[in-house]
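Before I ask anything, here is the structure I am working with.
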Amino acid sequence: MTQNDLSKRLFAEWFGTLALVATVVGSGIMAETLANNNVALALLGNTIATGAILVVLITMLGPVSGAHFNPAVSAAFALKGALSGRLAVFYIICQIAGGICGTLLAHWMFAAPLLQDATHLRSGIHQYGSEWVATFGLLMVIFGGIRHRPDAVAWMVGLYITAAYWFTASTSFANPAVTIARSLTDSFSGIYYGRYAVFYSGANAGCLACLSSCWLVICTD
Amino acid sequence: MTQNDLSKRLFAEWFGTLALVATVVGSGIMAETLANNNVALALLGNTIATGAILVVLITMLGPVSGAHFNPAVSAAFALKGALSGRLAVFYIICQIAGGICGTLLAHWMFAAPLLQDATHLRSGIHQYGSEWVATFGLLMVIFGGIRHRPDAVAWMVGLYITAAYWFTASTSFANPAVTIARSLTDSFSGIYYGRYAVFYSGANAGCLACLSSCWLVICTD
Amino acid sequence: MTQNDLSKRLFAEWFGTLALVATVVGSGIMAETLANNNVALALLGNTIATGAILVVLITMLGPVSGAHFNPAVSAAFALKGALSGRLAVFYIICQIAGGICGTLLAHWMFAAPLLQDATHLRSGIHQYGSEWVATFGLLMVIFGGIRHRPDAVAWMVGLYITAAYWFTASTSFANPAVTIARSLTDSFSGIYYGRYAVFYSGANAGCLACLSSCWLVICTD
Amino acid sequence: MTQNDLSKRLFAEWFGTLALVATVVGSGIMAETLANNNVALALLGNTIATGAILVVLITMLGPVSGAHFNPAVSAAFALKGALSGRLAVFYIICQIAGGICGTLLAHWMFAAPLLQDATHLRSGIHQYGSEWVATFGLLMVIFGGIRHRPDAVAWMVGLYITAAYWFTASTSFANPAVTIARSLTDSFSGIYYGRYAVFYSGANAGCLACLSSCWLVICTD
């Protein structure tokens, strides 16, 4: 890989995560503002915008960097051996930075304070379990899709997240970089972890470990 | 078929039905909780999540097991001779088990009692007739799709169920394994059959018989 | 064309129009019943179901009969010389019969009186003009799609009708067979033409005449 | 390029922008009329109709004229050297004329006064910034899509605008021709710029300049 190639990949990861988080946070603000306190309607607007932008970003940036936009995905690729450890670290740094920039951009567009403390508590074992399920499912979809229908992965991820916003109690972040970015907004999509944030990270780590073995059995042979 | 191949197929049927039911039940709970008693809005959230996950699951697991997730589909394939009777029985057992696990998972994620008695009565000749129509249509779509556009079947089934949630009076289960799983939840998507459950099964059996002949005429020649 | 081939085509036109109308009318009843008098929400449910089933039906039955389901489309094909006049007449009879059966089926599934007199008045020059626009646009989409992207026609028609439900004042029937079928229901999707029904037919005929010349200029050369 | 070819291209740009604006304005009127003052619901109807018609129009007219429907897009193509300056000017004139005709058509279909003064003020630095973001994103999507997945551009633009209606504070016009057309309606989708319209144009020009350099770095090499 040339230096130029590396810059482009990292730019794509930064830009894609920025655009994803700006959409998640921005559409959350828009939807909550307009929905007259009907949370289902706000979630619907949030869902449609997020699902749509995911398809667009993965289609557009997939050929550049793989379009991970998600430390869990980059870590899984590294575990699988499809991404060097060093590159995975670079990817994850760009994703976290991009996510934070995305929150800032959404706040700026809606004329809100740039940095906010999330107070929307989403804690407890069931929330963590939901996240585990959502992340596990996302990795299944990505690796299953790459194996069987690589041209369909962008649609599959967009549709999976569309469903996961509704079927998990936590509205499915399934993405540590997005989670960090969402802890910086006090709007519809904000997250406050409370005291168990460490456990949450543990759950995600466990998820990855479990996945890597499970996935070896199912998706490959 | 090797032993390894068989395990993978049965795992795919179990896992796919689990994920489908977890989405149907989970998104039903989420939608009903948030929708301020507007049932159309709750059904919309339920519909979008179900349609989206169907496209994902069929695209991902179709190449492994055929992605039936539905005893009516497996039975129709067996009648057509495309699946051995013994394998169809294994498929159906995995689908029913997966469906029940899906309800349990959704209840756990939303911190609800794991097993519940459905009280949402959906009974009477019109409801059974709606189910007949929905199941018949689903089989038409699957067999017509496999014949003319096999690459489009995942989308076709997802979109068909999206429509069928709205055009049938019963919100279209069209799937005995999902029906059993939904009789174990007392949430938005729960089903209580009442005294005519036997008749209902009869209607489904009749549907299959009728279909197998009708389908011989239309889809093949 | 063999006799067997003809029967299959006519069956496909009858069945497809039946399924389309059953979805339009059935989802209209479902949506209106659940939407707590919020007509935009009812129209949203009606739109999503109709758009979804159109993609499914055209993908499934397009290879059999061309999937017209619409006398305006069959007439345009006949004007273009792509369908014999005799076959076009047979198509149109099957479409009208299928549409009426679709209304009956929807009413039966929802336990409503089988035949009803529509009282939902949609009359006046602006409504007729909207219909003209909707029908003209539909024919543009079909002929433009067949010329440039024949594999995408099913999606294009489904998405076009999704948009046309909202951008025309008449919620876009654009289909004489569906219009007749909808004049037999007094539910959400019912139509009462009033005294100007004759003029309406004239507008549709004019549309076809205008289209056939316009389309010669644009889509072919 | 023959004279006949040129006419067809210009007709396609005029017609496509007309249909796009008629959908944006018409579905806005329909949605606002029906939504019982729930603005999120009205925006949802507006979003779905706009996203759907964009996919249809770009699929249908892309092979004819490139399906720009947007002076910003034509200008970017001209900057890139993929469109002659003279043709770009013709395109832009047809787009502006088509947009105005689209507003007139929508008003006529809904029996509203044909020309109206917009009073829906969308002004201030955050609104202009949102427009900048939306236009920049749109150009990224178009050029990234053309480079990597030309067959997917129609879907990508439709989905991008679906998301951008929600993630920007300005509901994302991202299109000077559509903006002019929307300043002529006082309905849901109307725009009144107030005193800073000049600055707004400046922002768009800056966007194009910035884009052309940025895009040289990322999308080409």
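Each chain carries a letter (A, B, C and D) given by its place in the written order, and its residues are counted from 1.
As a working rule, a residue touches a chain if its C-beta (ideal position, glycine included) is under 8 Å from a C-beta of that chain, and two chains touch if they have at least 3 such contacts.
Not measured: the values here are computed from a predicted model.
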Shortest contact path, chain A to chain C, counted in steps: 2
Turning angle required so that chain A lies on chain B, C-alpha fit (0 to 180°, nearest 5): 90
Distance between chain centroids, defined by C-alpha means - chain A, chain D (Å): 29
Per-residue overlap in chain C, given as positions that touch at least 2 other chains: 38, 41, 44
Overall pattern in which the protein chains touch one another (line/ring/star/complete/other): ring
Chain-chain contacts as defined at top: A-B, A-D, B-C, C-D
Interface residues, chain C side, partner chain D - complex: 37-41, 43-44, 47, 51, 124, 126, 129-130, 133, 137, 140-141, 144-145, 148-149, 152, 155-156, 159-160, 162-163, 165-169, 218, 221
Touching residues (chain side chain D, partner chain C) in the complex: 4, 8, 11-12, 19, 22-23, 26-27, 30-31, 34-36, 38, 41-42, 44-46, 48-50, 52-53, 55-56, 59-64, 105-106, 108-111, 158
